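One chain, subunit A, links the two complexes that follow: it is found with subunit B in the first and with subunit C in the second.
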Partner chain A sequence: MSDLTKSEHVTPPGASDPLSVGERELDRFPNPGLPEHKHRLSDESEAGSKRVERQIVILFVLSLLASIGGVVGYFAFPVGVTLGSVQASTLSIGLGLGVGMLGIGIAAVHWAKALMSDVEQVDERHAQRSDDATRAAAVQALKDGADDSRIARRPVLKGALVSAVAVAPLAFVVPLVGNLGGDWNVSKFRYTMWGPGVRLARDPDGGLIRPEQVTIGSVWHVIPDGLLGSEHMLEEKAKAVVLMVRMNPTELTEAPERADWSWDGIVAYSKVCTHVGCPVALYEQQTHHLLCPCHQSTFDVSDGAKVVFGPAKRALPQLPITVDDEGYLVARSDFTEMVGPSTWERERYTDLPVSDEEKAH
Partner chain B sequence: MSTTTPLAKAAGGTADFFDTRVGAGKMVKEFARKVFPDHWSFLLGEIALYSFVVLLLTGTFLTMFFVPSMTEVHYPEDALPVAMRGVEMSEAFASTLNMSFHVRGGLLMRQIHHWAALLFMASIVTHMMRVFFTGAFRKPRELNWVVGFTILILGLAAGFTGYSLPDDVLSGNGLRITDGVVKSIPVIGSYMSFMIFGGEFPGTEIIPRLFTAHILLVPALILALIAVHLVLIVVHKHTQYPGPGRSNRNVVGYPLFPVYVAKAGGFFFVVFGVLAIMGATLAINSVWAYGPYDPSPVGAGAQPDWYMLFLEGSLRLMPGQPEFVIAGYTISLNVLIPAVVIPGLLFTALAAYPFLEAWVTGDKREHHVLDRPRNVPTRTGVGVAILTAFIILVLAGSNDILATHFNLSINSITWVFRFLFFAGPVIAFIVTKRLCLALQRRDRELVLHGHETGRVVRFASGEYIEVHQPLTDHERWLLVGHEPVRPLEIGPGENERGVARPAYKKAVRRSKLSNFFFADRVEPVTPSELAASHGHGEHEEIESAESNEGLLTNASTRG
Partner chain C sequence: MVKALASARRHRFAPVVLMLFALLAVGGIYAVAAPQAAVADSASQDDVTEGEKLFQANCASCHGPSAEGRTDVAPSLIGVGAASVHFQVSTGRMPMAANAPQAPEKGVQFSTEQTAQLAAYVASLAPGPAIPDGEQVDPALGDAANGMLVFRTNCAMCHNAVGAGGALSEGKYAPSLFNSTPTEIYEAMLTGPQSMPVFNDENITPEAKRDVIAYLMEQRADDSSPGGANLGAIGPVSEGMWVWIIGMGALIGASVWIGAKSS
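Showing the complex of A and B:
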C-alpha cells in the first residue's frame, strides 16, 4: 500500500471506518432513503385478505389429502410382481409425497407474501472489527495465558511439545495407509493371464475359437480360456480382455518383428485403452479403426493399432497369436508390454521377448 | 394477562424451562426479529441447503437396503427385472436392483436422491455465480467464499462416490477412468492406484470404501461446513442489493419471524415437493439397463452426471502427443494436463479470486451492498470467461452425443472445441466487458436525459421535440449509487533523496493489474454533471433549433 499513491478520491477514508463505502463527501448524490410503503390489496380490503386466507387453507388441505394418498399408494400397490406395479407404487407414493410437500410449501410462501406484514424493516450493521479496547484486552488475555503457562524462554519444552505432537499421528496414519494398498505389488500390472498356449475364448461365454470361424471383417471380443470362474476374475479380465479382428492379409501392415504375431490376417489387440483404460470396443469395418467410446482415442487395427486421433499416445499392445495342434487359436506369449494406461514405471516392462519360457511369473 | 388460557400457560412454562436452563430468552430476543433482505437470487443457496437435507433423508432410506459389498452373487431367478435373473453380479448391484423392484418406495427414493444430487450441485454452482457476479465475496465475506468453494469440491466428491456405488457398467467405467488418471501421477501413481482399490483394479474393496466416504466422511464434512457457512451469514448479516434506503450501514428487509420462517421454511417444502415429483415421474440412472460391472463392455454415448462432464470433456479434448519418456520414466501429460492441471487452474482461480480482487483494488473496507454486475465490467468479464471455459469443457464431454444428434464428424467437433477452449474465454471476456460498459453508458444516458415519454411536442418555431421525463430521486439512486473505482496510480520509483523504493516492482505489477481492471470505466453521473447537462440541454436546444434538426433529448429538464 505504501508504495502507491492513489488518485484523488478513490482512496476511501480507510480503515478508520470500514463501513464508509458510498459515503465520500465529494460530488455524490445523497441516498434518498426508503421509498414509501405501498399497500397490497389484501392489506386494504377485508374481502381480499379473506380470499387469501381461503387460498392458503385450500393449499394445506390439498397437501393433507395428497399425503394420505401417498400412504394409500404404499399399501395399494405391491412391488416385485410386475414392472407396472413397481411403476404404480413409485408414482403414487411419489406424487403423494411431492404434492403433500409442495402444498405446504406454496401455502407457507403465499401466506408470507400475501398475508403477513410486508413493511420493510431496517437493522443496523456494525463493523466486524472489534474496537481497540477489546483488541487490547484480547491481546492481554493471550499474554497472561502465555505467562501462566511459563512457556517463554523454554525452547527445549517447546521443541519437545512440537515434536511429540508432530510424530504422534504417524502411529495412526502409517497402519491406515500401509494397509490400504494390500500387498503393494504394483508389478502385477505387467502380467496378464495370457501366456504360451493359452487359448483364446469368446467373451462372455468362454467358447474356444478356431481360425476358420473368424470371417474377414468380423470382430471378436476375447478372453483367455480359464478366466471364467478363476480367482480374481474381474482383476484378470480387466487386464486380459482382447479384441480380435480378421482382415484381408493384404490390408494388414505389420512390423517385420511382429510378422508371426498374426494368423492369416487375424490380429489380436488389448482392448484396454492406453489413455485411461476404458474398453476400446467400437470397431469400424471400412476403415479398420477402433474407437474408444470414453474419450474417442482412435486406433488403426490394420497398422499396428497405432493412434490416429484422440488423447491416447501409445498403440494398443498386440497379443501374439498362433494356432495350436488341435486347431484352436492360442496366444504365443503374454503381452510384451504393460497393457492399459501409462504409469511412471511402465517402460521397465517393455520389449520383453516373446519366448515360451518367459512367463516365469 | 388476566385471561390466561391453558395453552398460553403451557407455553409460558416451556419458555421458562428453557430460559432458566439455556438462556433461551436472550437468543429469541436476538434472532426472532433479525432482518433479512429479500431477493429471488438469495434462494439459490437455499435450494442447495434444502436439496442437501433431502439427500440426507433419502440417503438414510437407501442405506437401509443397500449392501456395500463386492461379493459375487447370482441374482434370484424369481426377482425383477427379468433381464437380470441369474446374472452374476456384486451384492452392491443386486441390492440396488432389489431396493428398486422389491422395496416399496425404494425406486422413488433412489430417483429422488439422484435428482437431489444433480440439483444440489446445480444450485451450488448458480449460487456461486450469483455471489461472484454481485461481488458478495468481498470483505468481510472472503472466508465464507472459501467455505462455500470447499462445499462445492466436497459436493463433487459426494457425487462421485455415490455415483459409483451401484457397481454398474457405467459407474465401473467411471472408476476405471479414475484409475487411469491416478496411474498417470508421476512416481507414486501405481501405488496410489493400489491404495485406492486395495490392490489391482477393480478389487473387492472399492465399493465399501466409497460407501464409507459417501455416507460418513463427505456428508459429515459438508454438514460441518454448511454450519460454518450459515453462522458466518448471521455474523456478517446478509448482503443486500443496492436501492434507495439501502446502505452499507443497514440491512433492509423482513424479520426472520414470521416472514422468513414461512418463506424459507415453506421453500424447503417446495424444493422437497419438486424433487419428490421428479423422482416419481422422471426415471434416472436405471442401472439394470446397463447391467453389472464387467471390465469388457462399454456403451457408446455414455455420459457422467453433469457436474463431472467438464472433466470428461477436458480428457477428450487433449491431444495424445504430450506423453514423454524421460530417463526411462513415463510422464503422461496427455492425462495430467486435462485431469489435474486444467481443473486445478479453474478451481484455484475461483477460490483465490476474492483475495486477488482485494489486492488489486487495495480496498480494505467492508462491503454489504452488492454490485450490479455491469458496474464491475472486468470482474463480470472474468466470471463469464471462466464460465465459458467450463461450458466448453461440458460440451466437449458430450461431443459424441453432439456428433450423433447433429450428424457431425466427431473429429471436427473435437478440433473446434480445442480451438474454442482457448479463444472462447477471451472472446467472452471482451464481449462481456464491452456489454457492461455499454449498459453503464445507457444508465448514464438515462440519468442525464430521463425517460422517453413518447410525447412529441411541436414548438411555435416549427421544431419538434420529444418530452423527456426526469428520473425521480429513488429511480436515479440505483443508477448513480455505486462508487467509481479508478486504477491505482503508482508514484516514482525513487524517493525524494533518489533512493530506490523497496518493493517497487511489486507495486508496478499491482498497478498494471489495477489498470487491467479499471482503466476502461464509465463513472456514475455526479450531481454536478446532471446540473451541467441541464444547462447543456438548454444550449443544445438553441443549437438544434438553429440547425433545424428538431432532435432534442432532454427538453423536459429545461428550466
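Showing the complex of A and C:
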C-alpha cells in the first residue's frame, strides 16, 4: 500500500527537491517512524519477570477462590422466603461469577502484556484488488460452469430452480409472521367493557360509587363493575381504565353535544394516553391538568381533556356517565371512539353507533 | 422622702428587699403572660381566640381577615378543617415564603401549640377534616400489602412506586414521602394540599389510608432494598447516571489499560 501511495505522488516538472511545495505543506513533519524499542521491567531482569509471574498467579488464584466461593454460596444460602436470603444468595453467586471471570480476564491480559514476547512487528497491507489475470480466470471459471450446466438452454429447469429457492423460506417466514400477534382482529380495540348501564367501580377493590361520594377536588381511578375476576381481566382493564374527577360546574367547559355526558360536575375520561398508550394519571387538582408521565402530554380535564402540551394529538376519549335508579354512577355507553394511541384502522371505528351485536363481535 | 430612700439604699437589708420585689415581679408577670399548657386533643375557646390572633398576624394578609381567601392570591380556608392547617403549618409550607408554583417544605414557623391554635381557629369557621388520632395513623395496625395496591393505583404515578417523589408540570412536583410523618401522610390524602387531589374517606377508606401508611413506612426499613444500593429509588435517572459514568468509565479505563504498553 505504501508503494502504491508513493507512486501516486506527482512531482511537478522542474522541481529539483523531491518534496514539492504542495507536499511540504502536508508533510511538514518528517515521519517519526516507530519509537525506539524499550524493554519492559520483566525483560530486563529475572526478578522482574518472576514478580509479574507471581502477580498473574495471584490473579488466577483469586479467580479460583471466587468461583469456589460462588458455588459454596449457592449451597450455603438457600433461597428462602425472606428477602435477606435472596439477597445473600444472589450476592454470593454474582460475586463468585463476576470476580471469577474478571480474574481470568485481567490475568490473561496482564500475562500477554508483561510476559509474552514484546517484539514489534510491522505487517504491510496488500492491495485489495486482485491482478488482472486472476480476475479474468475467475470470470472464465463462472462462464465455464454456466455453459457446462446449460442452464440458458433449459428454461424449465431454470424456472424450477428459481421457484424452489423462492418458496423454500416461506416455510419459516409464514409461521414467524403468523405468530407475531396471534390475533389480527383489530376491531376488538374498538370496544371496551363499558356499555349502557355498566356501573363505575373503584380501582383496585371494585366498590361501587355514588355521585355524592365524589367530592370536589377528588380524583377517582375507576374500572367497570364486573371486571374483577372476569376472563382476560388485565387485557380488559388495560382498555377500560378511567379517571374520574369532580369540579365546580362553573369551572367546567363542555361541548354542547356532550352536555349530558357528565353528572353535576363529575367527568370521566379514558386513562390511556392517545400518544402511545401510557396510563395518564398525574392529576393536578388546582389546574385540572392531567399529565402523562411518559412524554409529558398534558390534557385539560376542565375542557374536554384537550391536549394543552406534549406529543399527544387527540383529546382523551370521554366516557359518558349518568346515575341509575339505585343512585350509582353508570356509563351511558361505551367510549364513542377507540381508546389509546392512533392506529391506521382508527378512523373506521370512530363515531359509529355502537350496537350490542357489534359489541358481541 | 427622697433623702430617706437614698439613705435606706445603703441599709443592710436593702438587697434582700430588692430581691423579694424582683422575684414577686417575675412571678406575677409569668402568671399573667405565660403560655398555657398545650391542649392538642380538644380545642378550647382560648385556643380559638389565640388562633385568631395568630391568624390575623400571620395569615390574613393573603387569606383575608376572615379566611375568605383573595382571588388569585390565596384560597379560602373556610371548611378546609384542622387537618389541612396542621399539614401546611407543621411542615413549614405555610406561611409561604414567596409566590412560587409550589409552596415547598421548609423550616417550621410556629410551635406545636401555636399550630394547634391556628388549626382550632380555622376549624371553628366551618366543619372540615380533623387531625387524625394516633390509632388512625399507626402503621403497625395497617396491612402493607393492601396499602401497596391502593398506593399503586392512586399515588404512585406522581409520588413514585416507593414514594421517592417526582416532577409535575411547570415547576410543580410531588414531594418525596421518605421523611413525612404518618400524620402528615394521612392529612395530605384527606385534604389534597396544593396540586394533590383529595382522597376522601369514601374513595380511600380510613383503614386503606392506614394501609398506605404501613406500606410507606415499610419502604424505610433497612432491608427494604434487597437489590443493594437503591440510588435514591428514583429509577432511570440515577441508575442511568451510574451506568454511564461509573460503568462506562470503568470500561473505558479497562480498554486504555489493555491497549497501553506494559512498563
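We adopt the following convention: the second predicted complex is superposed on the first by the 278 of 361 C-alpha atoms of A that agree within 3 Å, B and C clash if a C-alpha of one lies under 4 Å from a C-alpha of the other, contacts with A are read in each partner's own complex, and residues count from 1 in each chain.
Criterion: contacts are C-beta pairs under 8 Å (C-beta built on N, C-alpha and C of every residue); 3 or more make two chains touch, one makes a residue touch a chain.
In this text the structure is predicted, and so the values were computed from the model without any measurement.
J.: Determine, under the contact definition given at the top, whether A:Asp203 touches first (subunit B), second (subunit C), both, or neither.
T.: A:Asp203 sits against subunit B and subunit C alike.
J.: Examine A:Tyr283 and indicate which partner it touches, taking first as subunit B and second as subunit C; both and neither are also allowed.
T.: Touch status of A:Tyr283: second partner only.
J.: Just subunit B (first), just subunit C (second), both, or neither: which does A:Gly80 touch?
T.: first
J.: Tell me which partner touches more residues of subunit A in the superposed arrangement, subunit B or subunit C.
T.: B
J.: Determine, under the contact definition given at the top, whether A:Phe309 touches first (subunit B), second (subunit C), both, or neither.
T.: Both partners, subunit B and subunit C.
J.: Mind working out whether A:Asp300 is in touch with subunit B, subunit C, both or neither, as first, second, both or neither?
T.: Neither partner.
J.: According to the stated criteria, A:Glu124 is in contact with first (subunit B), second (subunit C), both, or neither; which is it?
T.: The first partner, subunit B, only.
J.: Have a look at where A:Trp220 lands relative to subunit B and subunit C in the superposition and call it first, second, both or neither.
T.: second
J.: Applying the document's definition of touch, where does A:Asp334 land relative to subunit B and subunit C: first, second, both, or neither?
T.: neither
J.: From the superposed pair, tell me which subunit A residues show up as contacts to subunit B and also as contacts to subunit C.
T.: 83, 86, 91, 109, 113, 118, 203-204, 221, 279, 281-282, 293, 296, 309
J.: Would you pull the subunit A residues touching subunit B in the complex into a rising list?
T.: Those in contact with subunit B are residues 1, 3-7, 10, 12, 14-15, 17-24, 27-29, 31-35, 74, 77, 79-83, 86, 89-91, 93-95, 97-109, 111-113, 116-118, 120-125, 127-128, 177, 180-184, 186, 188-189, 203-204, 221, 223, 232, 234-235, 237-239, 241, 271, 273, 275-279, 281-282, 293-297, 307, 309-314, 340-348.
J.: Quick check on the complex: what are the subunit C residues that touch subunit A?
T.: It comes out as residues 149-150, 152-154, 157-158, 166, 168-169, 172, 174, 192, 194-200, 202-203, 223, 226-228, 257-258, 261-263.
J.: Help me check something: in the complex, which residues belonging to subunit A touch subunit C?
T.: Touching subunit C: residues 40-42, 83-84, 86-87, 91, 109-110, 113-114, 118, 202-205, 209, 213-221, 245, 279, 281-287, 289, 291, 293, 296, 298, 309 of subunit A.
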